[in-house]
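Next come two complexes, and both contain chain A; in the first it sits with chain B, in the second with chain C.
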Partner chain A sequence: MKALSRHIEAFGALLLAVIWISPLLFAFWAAFHSTSDAVNFNITAPWTLDNFRIAWAGAPWLQYFLNTFLLVTVILVGQFIVTTLAGFAFAQVRFPGRDIVFILVLMQLFILPEVLIVENYAMVSRLGLFDSILGVGMPYMASAFGIFLMRQAFKGVPIELHEAARVEGCGWFGILWRVYVPLARPTYLAYALVSVSTHWNNFLWPLIVTNSPDTRPLTVGLSIFGAPENGVDISVISAATMMSVAPLLVAFLVFQRQFVQAFLRAGIK
Partner chain B sequence: MTTPFVHVENVAKRWNGQLGVENVSLSIPRGSFVALLGPSGCGKSTTLRLLSGLELPDEGRISIDGRDVTTAAPSDRNLSMVFQSYALFPHLNVAENVVFGLKVRRVAAAERREKLRRALEITGLLGYENRKPGELSGGQRQRVALARAIVANQPLCLMDEPLSNLDAKLRASVRKDIKKLQVDLGITVVYVTHDQTEAMSMADMVVLMKDGHIQQIGAPEDLYYRPANTFVAEFVGSPPMALIEGAALPGFEGVSLIGLRAENVHVTGPGQGRLRCQVSECEFLGSETFIGLTHPSATGLTVSMPGLKTIPAGQSLDIGFADEHLHFFDASGRRTETRPPRPAE
Partner chain C sequence: MAHHVNIERRRQAIYGWLLLSPAAILLTTFAFYPSLATLWSSLFSRGTRRRPSEFVGTENYTDLFADPTFWKVVTNNLIYAGATIPISIAIALGMALWANSKIPARGFVRTAYFTPTVLPMIAAANLWLFFYTPGLGVLDQIGSLFGLPSVNWLGQPETALWAVIVVTIWKEAGFFMIFYLAALQTIPEDLKEAADIEGASRWTYTRRIVLPLLMPTTLFIMVNALINSVKLIDHLFILTKGGPNDASKLILYYIWEMAFAFFDAPHAAAMTIMVLVVLGIVAGIKFTILDKRTHYQ
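Coming up: the complex of A and B.
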């Protein structure tokens, strides 16, 4: 009986995995075959790279890649600065009203970013950042999740290390930089993974704020490329999609072990 | 007398009305080894943290080397510190840990290398420069903490139970190393411990504390031979001093409590002793056996006998002792020198 239930569990897991991966597999397969072969599921059809050639010529992909890369970098750097400083303040600095402010920050976790799109749009426009990469990244820099994560990581640093650094002559900033930041490295790594993958794939907000190929990230570029008015060609769209997700996918496959370990160490599940 | 190196005056520290330390006054001469001794929660660590500047006193003044540092930051007090947990930075290797403070204070690289080499040499850590603290044994970590404390050549070093995480054998050898280091470098050490053996064997001056108050300050032999009150008498020494009610001893009815050390007690023949006690247990230590005794008006009575002795519990034993070995305490537990008038002979 026990063996049977174990088999059912394994089978269930396998089934879920297949369902989850199948669209990606199909896109991968379709990207290397002609459109008619792809829609007819012609398994023995010959492989081709034509779709990639057509897709690559169809849009300024290099610019989009660069934009997405800049976007995730700008967001990550901004998030590291803000969450480090805020997390440290909430973890180790005593100031009046700390708990209330922290709860206010946490309440941000309950608000879906989509709810704030209009307000964010107005704010970004007022700042004169409309249609700029900084404008796309700005609303995500003060991440409540990141602040919470850093606060937890910093709270786990033994107080003796803080005191030893104080005796050795470190100021607040020195202690943060020389003790807390290096010790929270696994947390930074895990958070970077979450942040990069989230913002690499983010679509709605960049779609609204960007207006030109110079600032458009991959996701927006891909959707415009695949829009029905340009004619639907499953294979070419699949090829473009493959190109968009390839960097993240390859990075995940290469660093899979480190990814999982970073998450385990940082305690995010 | 020259001005003391460290001077603590009427310092008090309270937490939410709870007592930390109260009325602590202390003068520490330059180059001495001072042990803050007491049971856990007595305020010895608080006193050390007040000296270090990690806590600031609610009352009183602290001066180090003639400078008032009552509210100064820890880094402005020219001191180093060894923590109970060693507080080594796990992400830095041994060399980086040791020169951490020098780097923070922007000491030139050449000077840093020279000081590092010297500190590692003194602590016997040459060759371990590139190890991470996680790859070292407890004793080695402890030596890294020591090296970090001495590398900057600060005149005052504070140690918070630095040996409590070591096993007993290592503790004895590191104890000697620390003492030698302190003498060789001529630094002043303030050392917190709950282990009286450590305090008695290393310190020039012992400060015994209880419930946030200093009970006695003095050389180890002062605490042992002239305990200021019954707490000191019962804390210092192994076994501690026995206390006998004055009323139980003919001729001493005027004294509240009488103290007596085990080594001054001897077993006499039946009927020839001054007290008749019951044997409660025998503790064999190799060269001698401590025999615990019970008496209705005494606590902690012990007699030491050479070699192995096994006396069944419950057996009566008569003990004798000389008057000059007795310590007298008044009703409030304080030591008194006045002996009661001896009855006419």
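Coming up: the complex of A and C.
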């Protein structure tokens, strides 16, 4: 009886896994088949790369890839600098008003940049950053979440190391750079994975702030490419979708353990 | 001596504020000032060439309250939250319990559950389009095997919102699963042994011991799911564009449409303020009630 229920459970788990992965598998399969074969589920149909050829010719994908790559890099570098400095201030420097400011920072966790699209759009235009990669990236650089994460990581650094570095004649910046940053490396890695995958996938804000193929990231490019007005068929859309998720998906499958660890580290408290 | 301490204290304060300044400037520019500016502009009328914008008090808000579309969108979002939050949490819990037990092909199962999390919402929407397309889509093909008629899942008001809800659940359940997985791994083995000795069934053990221990994780996930129910709207752009007849329109999409398709910034601002108030209440509850036990330290 007990063995039977175990088997049923294992079967349920597998069935759910197959259901969960099936949209991706179908799209993958469709991307390599002609539209009529794809919609008729012709399992024996020949494989083809035509859809990728058509999709690739239909939009400046290389530029989109480059834009997305630049965007996630700009955001990550900005976030590292801003959150390291602020996290260090909150963790190790005593100054009046610190706790009140920290609460203000935590509030930003709930003032989502997504919700403030109207005013942020006005702000970015005023700064002359409309339709620029920096304009897409800037609102995300002072991430409250990142500041919080860095503060937690820096708080875990033993004070003896801090003191030792000071006795050796290190200044504030030297201590931060030589003691705290290296010790927080796992946190940086985790934060980088979360940040890159978030911004690789971000859509609404880039849609608003970009207005030309020179700045548009992949997600926005993909949505324009797949718009029904363009009359692209399902196999070609699948091919384009596969193309744009491939880098992140492959990276995820290779570094799966690190990814999951990163999301956990980033998510827990 | 006291003088020395004073200088040191002042030095620390200067360092502190210097270190904070980049974050403070950016947060002010892109979070605090825009929040206040939104509040301010929600109190003014939309300026036209002939009539410049003028102070109208709460008129934008009363306009919205009188607008049936606004209530439709609010209702939709409540259904969206009411369906996605409990269902994705329940599925996430089930996934975690399974992915944590000794089953064959556990690696594959975990990967399959988690993979949707790393896909962009736009890509997820494209994948699901393939399922929902009437006549050609996977769902219709499966239905036709059983002699069911073709259904235009995205094109009819009764099903469009639910089709959108399914995609959201598919996208976020695997993400929530990993928090449960991590929590499950912190439950000590002896509890299971003790339960076995007492002759408790696996169901009793799960219900009486595991679920209560997972409560803090559930609350944490719930706050995240709540925020997601405001934020996750990207797939609307691909699947339904809020239609048909506003049947699947959600608040953030409506704000976007109001501001960037109808160019009606004041009403968009008024709606933004209402969303911020709701998020503020959620934040208040989280920081006062939920964090009493799980202290930030």
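We take it that the second predicted complex is superposed on the first by the 238 of 269 C-alpha atoms of A that agree within 3 Å, B and C clash if a C-alpha of one lies under 4 Å from a C-alpha of the other, contacts with A are read in each partner's own complex, and residues count from 1 in each chain.
Operating definition for what follows: a residue touches a chain if its C-beta (ideal position, glycine included) is under 8 Å from a C-beta of that chain, and two chains touch if they have at least 3 such contacts.
Every value quoted in this text rests on a predicted model; they were computed, and no experiment measured them.
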- [ ] Identify whether chain B and chain C fit side by side or clash on chain A in the overlaid structures.
- [x] fit
TODO: Could you tell me if A:Val74 is touching chain B, chain C, both of them or neither one (first, second, both, neither)?
DONE: neither
Open item on the list: Contacts for A:Val136 in the overlay, against chain B (first) and chain C (second): which applies, first, second, both or neither?
Closed with: neither
TODO: Go through the superposed model and pick first if A:Thr83 touches only chain B, second if only chain C, both, or neither.
DONE: second
TODO: In the overlay, answer first, second, both or neither for which of chain B and chain C A:Ala30 touches.
DONE: second
- [ ] Classify the contacts of A:Phe110 with the two partner chains as first (chain B alone), second (chain C alone), both, or neither.
- [x] second
Task: Vertex chain A; arms to chain B and chain C (CA centroids, nearest 10 degrees) - done: 100
Open item on the list: After the superposition on A, what does A:Leu14 contact: first (chain B), second (chain C), both or neither?
Closed with: second
Task: chain A residues touched by each partner, larger count belonging to chain B or chain C - done: C
TODO: Please indicate which partner A:Met150 is in contact with in the superposed arrangement: first for chain B, second for chain C, both, or neither.
DONE: neither
TODO: If you've got the overlay open, could you tell me the nearest Cα approach between chain B and chain C in whole angstrom?
DONE: 5
Task: Residues of chain A that touch chain C when the two form their complex - done: 9-10, 12-14, 16-18, 20-21, 23-24, 26-27, 30, 39, 41, 81-83, 85-86, 88-90, 93-96, 98, 101, 104-123, 138-139, 141-142, 144, 147-148, 155, 172, 197, 200-204, 207-208, 218-219, 222-223, 226, 234, 237-238, 240-241, 244-245, 248-249, 252-253, 256, 259-260, 263-264, 267-269
- [ ] Give every residue of chain B touching chain A within the complex, in rising order.
- [x] 52-54, 73-75, 79-81, 83-85, 87, 89-92, 100-101, 104-105, 148
Task: Residue ranges of chain A touching chain B (in the complex, touch as defined) - done: 158, 160-161, 163-170, 174, 178-179, 182-183, 185
Open item on the list: Looking at the complex, which residues from chain C come into contact with chain A?
Closed with: 9, 12-13, 15-17, 19-20, 22-27, 29-35, 37-38, 41, 94-95, 98-99, 101, 103-105, 108-109, 111-124, 126-131, 133, 136, 138, 141, 170, 174-175, 178-179, 182, 220, 224, 227, 230-231, 233-234, 237-238, 252, 255-256, 259-260, 265, 268-269, 272, 275-276, 279-280, 282-283, 287, 294, 296-297
